[in-house]
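Take a look at these structures.
Okay, so chain A shows up in both of these, paired with chain B first and chain C after.
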Partner chain A sequence: MLRVSNLKAAYGKIEALHGISFHVEKGEIVTLIGANGAGKSTALKALMRLPPPESPTVTGGDITFNDVSILGMPAHRIVHDLKMTLVPEGRHIFGNLTVMENLQLASWSRKGEDTDKEIQHVFDLFPRLAERAKQRSDTLSGGEQQMLAVGRALMTKCTVLLLDEPSMGLAPLIMYDMFRTLKRLNTEGLTIVVVEQNAHLALKVADRGYVLDTGKIVAEGPAEELLHKPEIKAAYLGG
Partner chain B sequence: MEFSLQNSIVNFLQQCANGLEIGSFYALIALGYSLVYGVLRLINFAHGDVFMVGAYLGFFISTALLAPEGMSGLSPIATLILAIPLTMIFTSLLGVSLERVAYRPLMRKGAHRLYVVITALMCGLILQNGNVALLGASHSAFPELVPVVVYDVWGVNINNVMLFIVITAVLVFLALHFIVSRTRMGMAMRAVSWDKFALPLMGIPLNKVIVFTFVLGSAVAGLGGFLHGMSYPVLEQDMGASIGWKAFIAAVVGGIGEVRGAFVGAFLLAFVETMVNAFLPSTYSDLFAFSILLLILWHRPTGIFGRPLTAKI
Partner chain C sequence: MQRYAINILLCAAALILVGLAHAGKLDGYVLHVITLIGINCIFALSLNLVNGYMGEFSCGHAGFMCVGALTGALLSVALFTDSTLFGTAIFASHWAPFLFPLVLIGAMITAALAGLIVALPSFKTRDDYLAIITIAANLIIISIFNNIDAIGGPRGFLGQQQTINAMSNFIKLPWMLIWTLIGVFICVIVIRRLMTSTYGKGVSAVCQNEVAAEMMGVNTNRVKIMAFMVSSGLAGLAGVLYAHHIDYVNPKSFDLLKSTEGLVMVYLGGMGSITGVLMAAVAFTLLVESLRFIIPMLNNGLHSIGLLPESYHLDQKWAWVFIPLMLILLMRFRPEGFLGNRELTHVFPRLKRWITLK
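And then the complex of A and B:
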């Protein structure tokens, strides 16, 4: 479904991805793991076709969605036409808007449609958001903000969800809850690509994984397999 | 005239009325400064000159519609009704062109905001000097579209044009406030002001929101230019600088990025100015006005309605 082939990406003149290839099939959970600066976030931002300077420019290779190249597509069209979106690192919720407004804004590209049902679905997944619907979202706790970031992404009616470090800054219990919810969304049909520093947790829920190191893929395979590979255990899973 | 309490009160009220009119011009410009800053974090220093261009466009459109002697043209009132929207359409096109030609290419290349602001300043100077080159340094006179009727209210002179201007400014403010706080596009504008990065992830084209903001701000500035021409018929090419700069300061004092701030700041500046003018030698006017504004900023560096940008986690 989503295929990245020999992708090279750079920030200005500094190349961050030196030709990586991976693919994601419908209904899968795929994880990209690796150390800080390995290029995991860069890969997601390149997939979303977000504009520089915050995001990289693709300097080589291709990204295809259902066998059609998406390199020429701006981010908002990817969200609208391909139903793929990203929950960015650091959440990037609109803090000056209420929780409800954040959710409504995300249904922008579907003007006129009745979105009450989808908002209700988000509230079912994250009841805490329902309680805080009228609150300015910068008053939410870190965990609630992450719930809002995921809920907001779902409001775009995405079928492919990219997540960049969803566990960052979360207390363990909330982190496990978040991954349980992701798993539930996956069983409901959502395809998920998740970038994680917490490699153990990510490999536990994922079907397949890729290991990145300084802009290259150094290992790949079924998540279960990666979890038990000695060299991966040593390097990324704390022995 | 002997000094009396009654005279002072009448004088005070007269200055209030004048302040309302001048404040309306400041407000119509300051709103655009504030809208664009709110969305792009860019001080669009060419904005005052969009106001100037609005006055000149209003002049040309009105004279063309009224038609020169001997030819049949529209009546002054029909001219007014048609010329105002036309002026606003043209100035919004100007604003959009500025964004497209001057700001967007720089921002796409990741230029530091300082360079974009300097570019804005240059665009303003280009507009101003382009006008001088095109029309020469002659001062054009705005045609009289509405015969001025002066009302005497307890000794205070108010005229119909003044009333029209103040009412228009208030209505424009209410409309903008409604757009920003109640509509979908306004919600997107507020979202961009907080986080530009995440907007495309919602499926919203960022450029559409930016262009809309420029259209709104420039149309309102054009309207301001037109109204200014109606009230002060002598057009000057540097009016964008003289009035535009003050409007910018008004927007900052009110809290730039906030629609309410621009409106309140504009009237505050106008009142301080006219009051200083009324009771002190006029050469003191700007000195005192700006000193008072400095004190306000000293006390509230983010302006009256501005919120300090807190670090985001």
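And then the complex of A and C:
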């Protein structure tokens, strides 16, 4: 349902994506893997179009959602109308507010609706957040902050969730927990696109994967297949 | 009932104040200072919306006050008084007490539009860049005013107080004080209602993290522009009241120094706190006024113990040494201001029983 065709994106004069194509079907987990600077995050940012300073400019190609082009649609409309949202790299939680306030604020796009059920759902997924509901969120650990960032994204009632490096700065155990939760959300019907440094972990969870290198897609296929491809093993999975 | 105690108390206080002024129990100077406090409250609260709640940094808010003051003055003169500029009054002067809100609203709308004009291009940027743009906007507005000779240019514009006098001729009341108090109440209510609404939540989200705000579906651009317009509109309200109180609008009264006063009040009170900023506006105005007496006393004292040479006298210019010094000390020892992002009810939870700030 989400289709990216020959997408080119640039920061100023420097082109970061030289025409990539990928697609995401309903109910899938798709992962984009690759080394630093390969253009994984740029691809997600181009999808969402954050406010100007953060975002690359799309210079070519097209992005369609259910066969309708979403180029030129501002990010808040994508969140609101298409139910697609992004957990940005580095979490971007509202540090001054408590966990509960973060979640309440996140239901902003659904004015006036009852949000207790969703908050309960987030607390079911991440029991740690329930314990810390009244705590200021900048006092949370890195892992808890990441949980909050995901929980907050879920509060928008999204059907497609984009995640930018959810494992960044997390201890291995917490990282596994996070991906297990993503898998559970997927079985509940959420479509997930995850950009990841930790290629091994991402491919284990994902249905399909794309490998990016310097702004181009160099390999794609079912995650299982990619995991066992010798050249990918050598380049990204540590032998 | 109990929850409205503070509101009732405040209304009663306002009525008593008006009553005292009406009975002539208040000295002219005291009345002047009280009105000034009210105007400063409105100005500081309006700036607080941008610098406190929204977390952006507007340095040129006096520019919008200037727009409000000027439009208000012109409207007032055109509507209610015979003048060489606009000819005879549109309404007979006894209409003044009833139609004066037109002047206030006109001034607020114009100031809000000026805010929109500044906001549209400048909200593509953030932080320091926005601060620089707002300084520039402040200078541009003053410069425009300075160069329109028909309304006095650098000599300033006067005559609008006749409207207030016309009200007093019709019904003898301390009108200036009444309008200022009404202005303060309106300002507090507008900001309070705005910040507890869904839009206000969007403003807090933008303040905290713009990327995250956008990701939860907040139209950050619209929220920011709207908050900026409300803020500049309220600054315009402060301006129009100031113009009628001083009876003389001079572009110099709205320069960067005035903007700085606003910043001092907001940071003194604590960003994003209505009660804090109100306290700060009162404290700051009283401090500035008290320096009028303290500086000569200091001057005499220093002369009598021989610390100052006979030929040099401390004058009122030194106020602008003491006030920035206060800002420096504040930033060093209590950077969060009086209340720091919290309302009085958060600092003293027991007050909650007595107050609804809605």
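To be clear about the criterion, the second predicted complex is superposed on the first by the 239 of 239 C-alpha atoms of A that agree within 3 Å, B and C clash if a C-alpha of one lies under 4 Å from a C-alpha of the other, contacts with A are read in each partner's own complex, and residues count from 1 in each chain.
Rule of thumb we're sticking to: a residue touches a chain if its C-beta (ideal position, glycine included) is under 8 Å from a C-beta of that chain, and two chains touch if they have at least 3 such contacts.
In this text, all values refer to a predicted model and were calculated from it rather than measured experimentally.
Participant: Put chain B and chain C onto chain A via the superposition and say whether they clash or fit.
Facilitator: Aligned on chain A, chain B and chain C clash with each other.
Participant: Applying the document's definition of touch, where does A:Pro88 land relative to chain B and chain C: first, second, both, or neither?
Facilitator: So A:Pro88 meets both chain B and chain C here.
Participant: Which partner does A:Gly169 contact after superposing on A: first (chain B), second (chain C), both, neither?
Facilitator: A:Gly169: touches chain B, not chain C.
Participant: Based on the superposed arrangement, let me know which partner A:Ala106 touches: chain B (first), chain C (second), both, or neither?
Facilitator: Touch status of A:Ala106: both partners.
Participant: So in the superposed three-chain picture, is A:Gly142 touching just chain B, just chain C, both, or none of them (first/second/both/neither)?
Facilitator: A:Gly142: touches chain B, not chain C.
Participant: Should A:Val79 be classified as contacting the first partner (chain B), the second (chain C), both, or neither?
Facilitator: both
Participant: Share the list of chain A residues that count as touching for chain B in one structure and for chain C in the other.
Facilitator: The answer is residues 48, 50-54, 74-76, 79-80, 85-86, 88, 92-97, 105-106, 108-109, 111, 152-153, 156 of chain A.
Participant: Along chain A, where are the residues that touch chain C in the complex?
Facilitator: Per the stated touch rule, the residues are 48, 50-54, 74-77, 79-80, 85-88, 92-97, 105-109, 111-112, 152-153, 155-156.
Participant: What residues of chain A sit close enough to touch chain B in their complex?
Facilitator: Touching chain B: residues 12, 48, 50-54, 74-76, 79-80, 85-86, 88, 90, 92-97, 101, 104-106, 108-109, 111, 138, 142, 145, 152-153, 156, 169 of chain A.
Participant: Would you mind writing out the residues of chain B in touch with chain A in their complex?
Facilitator: 108-110, 184, 187-188, 190-191, 193-195, 197-206, 310, 312-313
Participant: Please name which positions on chain C make contact with chain A in the complex.
Facilitator: 124, 126, 198, 201-202, 204-205, 208-212, 214-221, 341
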